[in-house]
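When the chains are written out, they are named A, B, C, D and E in that same order, and each has its own residue count from 1.
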Amino acid sequence: MTEIWHGLTKAIGLIISLDPEVTEIAGRSLMISLTSTLLTSLICLPLGSLIHFKQFPGKRLVISLIQTFFGIPTVAIGLFVFILFSRAGPLGGLNLLFTPAVMVLGQMILITPLLLGLTIAALSGVDKVIPDTARSLGASGFQMTIIVLREARFAVMATVIMGFGRAISEVGIALIVGGNIRGFTRVITTAISLETAKGDLELSLALGIILIFIALIVNILLNRLQPR
Amino acid sequence: MTEIWHGLTKAIGLIISLDPEVTEIAGRSLMISLTSTLLTSLICLPLGSLIHFKQFPGKRLVISLIQTFFGIPTVAIGLFVFILFSRAGPLGGLNLLFTPAVMVLGQMILITPLLLGLTIAALSGVDKVIPDTARSLGASGFQMTIIVLREARFAVMATVIMGFGRAISEVGIALIVGGNIRGFTRVITTAISLETAKGDLELSLALGIILIFIALIVNILLNRLQPR
Amino acid sequence: SSPRAESSSPLPPQLRLRVATTTSLYDSGLWGYLEPMFERKYNVELDIMYAGSGKALEYGRRGDVDIVTIHDQIREEQFIADGYGVRRVPFAYNYFLIVGPSVDPAGIKGLTPEAAFKKLMETGKASFVSRGDDSGTHAKEKDIWAEAGYDYEAVRNAGRWYIEAGTGMGPTLMMASEKQAYTLTDIGTYLTYKGKLALVPVVDKGSLLLNVYSAIALNPEKMPQAKIDMANNLIEFLISPEIQEFIGNYGIEEYGTQLFTPYVGSEPE
Amino acid sequence: MPLIETVNLCQNSDGRDILKNVSLKVDRGEVFALIGPTGAGKTTLLRLIDLLDLPTSGKIYFDGSDVFESGKRKLEARRRMAFVLQKPVVFNMSVYDNIAYGLKLRRVDKGSIRQKVGRILEMVGLSTYQNRNARTLSGGEVQRVAIARAIVSEPDVLLLDEPTANLDPVSTAKIEQLITDIIRRDDTTIIMATHDMSQGQRLADRVGVLLDGEIRQTGGFQDIFTAPGSREVADFVGVENIIDGVIASNDDKVVTIDIGDNVIAAISDYAVGEKVYACIRPEDVTLALSRISSSARNSFSAKITRVVSRGQLSRIEMDCGFPLVALITKRSTEELNLAATREVYAIFKATGVHVIKRKSD
Amino acid sequence: MPLIETVNLCQNSDGRDILKNVSLKVDRGEVFALIGPTGAGKTTLLRLIDLLDLPTSGKIYFDGSDVFESGKRKLEARRRMAFVLQKPVVFNMSVYDNIAYGLKLRRVDKGSIRQKVGRILEMVGLSTYQNRNARTLSGGEVQRVAIARAIVSEPDVLLLDEPTANLDPVSTAKIEQLITDIIRRDDTTIIMATHDMSQGQRLADRVGVLLDGEIRQTGGFQDIFTAPGSREVADFVGVENIIDGVIASNDDKVVTIDIGDNVIAAISDYAVGEKVYACIRPEDVTLALSRISSSARNSFSAKITRVVSRGQLSRIEMDCGFPLVALITKRSTEELNLAATREVYAIFKATGVHVIKRKSD
């Protein structure tokens, strides 16, 4: 257990001393995962609402598929994106492999089913009378979506926070398509996996604690955004 | 892109031929993740409801913390459990390291914040009048919880499916505390990571596709459980 | 694809022997063949954990395994000096390679490793991907830099051409191939990945590239639970003539070249 | 041209016909009341008119054009209407924001919003509540917010589903006043569903009786009230005395109806031998303690079986050989000292009897 | 011993006093109606009595014991009550399962459940709907399910919050009949909140007037109706004529009240010089075209300012030097040909005037 205490004190030490390497890695993690969460939210909140409100044949199946892709392993997504962007792959010409941009993309693929599925779940809890009332007052489809998302704001915000958590904590994609290049694509999770491979469990734990700390701050800030 | 097609055909081949090693690994993945999801659901659905319904000081903070732990990286949990159960650790005497049991435990830790947080989010969507009505008809706290969970069944089921997806797709814990021992603790995700390390991308993708296939079947079966 | 899927029901712990092995031995598939042979011979269940050398030794220090098989001589000796291991028993070796694009942009083909590294540093154009993960391979790379006369920290900060990947051998090779860069690799991993790589061996000679695999049983004085007898059985097994011969022939059929040279009887000079 | 016209609207759900061929025309500026018992389909019809649901078949014309032509047309039409739903809900925001919502959707500028919402808050008496979260309001307060929210955007058509169901008499009077003002000032077209027939009478120009998914009768309130077209409508509008009979004589439209042991005089066109119902509204029956001479043609000796108080009125149930119910003021009940078992005379005019043809079944 | 007693219940929310020192006693088998305008606190009080919320202060005794003693006691007490909420919701399950829910909670055996639910479905007229998902029901149908669900478990205490707000007159009559049956058969104690004063009158033994969070008056319906204890209560129970005055003479309780230009005769104990309100119920005012001699002491010449129709009654607003409102039958309105600007005589008895002391402010 001493490692855990050491990890904790080491984490506190690294945070307090603003260790430059850790700060840089943490900043990159935050940037990449915030970007992917934001972009995915912009796509998935409206899209999820659309799926929730529209009646169409095969709707149940679509929802089942979305929920199923909750369970896609990050390595599989990582490989898929890797193949796509590798020199021999169809998008190889973009020269994006082993860059933060492609890590964002991979994370977006990862959290898309999650954000879609949870948006639909969040909306399923809202009283049916709410969208009817909005429409009766003249709301267009989009305006109705907005107010219903607003009514379900607690669950919607949980969805976004959840998506961010998933993005910032995943390692498979970051490792495979980012490559864990020091000073360029190394993020906290890939750094942890490196330190673990090296056998430095304390530093790994310290980095894990720092990650949680970042998540906590983001969570608090996101919750501030939520209208009362 | 050819790798993706090859992966797909290989996956189909492995499924159709019921390849004994793949079947064994898939069965183990399923067993471990179903067990952890089931146990965690049994704890977290009632506990999440309790947190939702009880008013207590610091409630907002507790919920924020739960949501924050959405973002804990699997490696960190893996290391924590590893240190706990390693011979030098406090529970080393139990001799559980590198066994499926400890993998279940690790997955339970991983999905606990998720199930708690999403249960609370799911319940937040239910009209406040529903629990009042239940209580006015004589429901005890527990009975009220049941009916409210039932009213939010879509979101609750999404929560459970989501938890299962997270459990079966994670690799950090399985690798660190399970050790990916062939014939004993190897699950699909650790097998994928091994094949990736070995450079067999096609087999990795095939295993990823099989994982999704399993998730789909579980999803459909779970959705069947859901009352109309 | 498995020779032994049906006997998968777990045995009680006292009949299990735990081995932590370095990745290259595992990924090459060698252990996949040795494991059932040993199990049959000694009626024991082998649990094989693969990891980088650093982590494998950490498993050993924590007492979570009974024996380690790795390739990092300095740390191995330290491990024994610290009292964790009994003795170091080399059982196989091969040579590292420097691989790179076939056009050889830095013009290092045929040089000694230390001369090749010197040239890389001086031209500063052709990229080099380093494992950067404190693995045995990474340790070897650092040795070469030292031998070439550079301080490793200076190398790390020499410029964008020096890429620290911080991952395993396979991904490092893939990255080097994608970036058309040089890298240092063990021969086993290179051969398994060869089909996916646009890289060729450019430097494959020089005593510095020697890569020795050895087995260390855990010291029962420090780790009373360590199964020293069975660990010794495994060591004996590894250096027994039949297995030494098997190791020497392993992979020739698949890759067209020898992966490992048996240590016993043909020790490197 | 009617502002709203429905043609053969049908709604079918889970194999049940909820609406059957509903054809209605409502003119600009008209106030139309839909009345009908619980489950008749009032809400379903209003939802269709507000274009919230799609009918199984049939057409809806708004201002002369088919609204189902395009999604855009639907939104345009809906923006000219406002609907106060039967189960009013408020959004989880302040009372002010709830009421301002429709205006914001229409991109009204902030200043006008403030002014309009301020005025309407005043009108519904919720000014002091404007910053409260609307979720904490009482049932009646929610209903007032819902009404305010609907009328603040000055719609051409106002759809009201039981607008005062949760309100006490004083608030009801206020809301009715509000609606009356809107009718006067803005020439708003109103379609309302109400259980409260007197509300229908007070506010509506025309009434449609919806029974079991069908519009059975439309017309002025008084017409329907005094001359229901069928037994079912008569039942629903509270004609409690419906007596089976056969026309026994017809002397220049003054008929006598044979109801078994007795004969009722009435005014009707029906020929002798026609099977009919004689309908007498309870309030058209007067009671006397002695057989007084009057112009009323029908006078029966009766025994009171029950007296039930209904606000300022009393409902007197009697047996005259046939059951008969009268509604008289409480005052008269006290003055005449009416109570069960008392013998009285029940008197009603021939013109007070409405005759409906019985369907032969 | 009262079955339910509240002592100084206070409820405060967001700094507002919603209930202020409410002390009530309701006896076993009694039917108690809470009346009060929207936002008065009726729902809040019923929720406290059903132990759904905790009061800010005060106590509640159920069957003699303090219910807040323990969670278990609360559940026990709550299981002996049933509450039909103002905004009834149904669970997302069949009508049958909705009604059976409370019985299942009490672990009643399947056979009895089937029998009880079957009977109650019959009573509320929803037998054919038993397998429908309750979410698809109409507003009134939902309300009937909610009532059925509450009474099927045969509670000792039934709490009803606006039980017939969504129902048409026929369904209302049916539900009232149901409630009456329950009262008769099971000796159930009932506390109901209602806007519909005539419903209160029909069903309740005793009425409490809740104004602005305070119980202002309790008593028999007739007492409160005819002798409201304060101006606010008078206002609320619909005494539309409330006239400021001062007692000018008192001759053995027959007083004259100086109201400025006129004098009203009344019966009262107050001494000369006391500032009072004279309250006259509109229905106690009769109208005549000529000054007829009668026993009524008060007779004023008046000019009609407005005639409003209220169902079978007409509301006549007049100016007699002071404003006065009368409620008479529509029939009389027609016979007397009453309309705005007509000159009439307004007549009311001294005993029809209720005198309330004015608070000096």
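Here is the rule we use: contacts are C-beta pairs under 8 Å (C-beta built on N, C-alpha and C of every residue); 3 or more make two chains touch, one makes a residue touch a chain.
None of the values given here were measured: they were computed from a predicted structure.
Q: Enumerate, in label order, the chains that touch chain C and chain E alike.
A: Common contact partners of chain C and chain E, which must touch each of the two, are B.
Q: Expressed in steps between touching chains, what is the minimal separation of chain A and chain E?
A: Step count on the best path from chain A to chain E: 2.
Q: Of the other chains, whose C-alpha centre is the longest way from the centre of chain E?
A: Relative to chain E, the chain whose C-alpha centre sits farthest away is C.
Q: For this structure, which two chains share the highest number of contact pairs?
A: Looking at every pair of chains, the most contacts join A-B.
Q: So what's the Cα centroid distance for chain C and chain D, whole Å?
A: Spacing between the chain centres: roughly 89 Å.
Q: Compute the distance, rounded to whole Å, between the mean C-alpha positions of chain B and chain C.
A: Inter-chain centre distance comes to 35 Å.
Q: Where the CA atoms of chain A average out and where those of chain B average out, how many Å apart are those spots?
A: Centres of chain A and chain B (C-alpha means) sit 17 Å apart.
Q: Suppose each chain is reduced to the average of its Cα coordinates; what separation in Å results between chain B and chain D?
A: Here chain B and chain D have centroids separated by 57 Å.
Q: Name the residues of chain A that each touch 2 or more other chains.
A: Expected reply: 127, 176, 196, 201.
Q: Show the residues in chain D shared as contacts by 2 or more other chains, in ascending order.
A: Answer for chain D, listing residues that touch two or more other chains: 87.
Q: Taking each residue of chain C in turn, which ones touch at least two of the other chains?
A: Counting only residues that touch two or more other chains, chain C contributes 168, 171, 174.
Q: Can you identify all of the chain pairs that touch?
A: A-B, A-C, A-D, B-C, B-E, D-E
Q: What part of chain D is in contact with chain A in the complex they form?
A: Answer in residue numbers: 47, 50, 52, 75, 78-79, 81-83, 85, 87-89, 91-93, 101-102, 105-106, 133, 146, 149-150, 153, 159.
Q: Given the complex with chain D, which residues does chain E contribute to the contact?
A: Residues in contact with chain D: 13-14, 35-39, 43-44, 86-87, 132, 136-141, 143-144, 161-162, 165-172, 195, 197-198, 201-202, 235-236, 238, 283-284, 308-313, 327, 329-331.
Q: With touch defined as at the start, can you tell me which chain A residues reach chain B in the complex?
A: Chain A reaches chain B through residues 1, 3-4, 64-65, 67-76, 79-80, 82-84, 89-90, 114, 117-118, 120-122, 124-127, 152, 154-155, 158-159, 161-162, 164-166, 168-172, 176, 188-189, 192-193, 196, 201, 204-205, 207-209, 211-212, 214-216, 219-220, 223.
Q: Report the residues of chain C in contact with chain A in the complex, numbered from low to high.
A: Listed in rising order, the residues of chain C that touch chain A are 51-52, 54-55, 57-58, 132-135, 156, 163-168, 171, 174-175, 177-179, 198.
Q: Quick one: in the complex, what on chain B touches chain C?
A: So the residues of chain B touching chain C come out as 19-21, 24, 86-88, 92, 95, 97-99, 179-184, 194, 196-199, 201.
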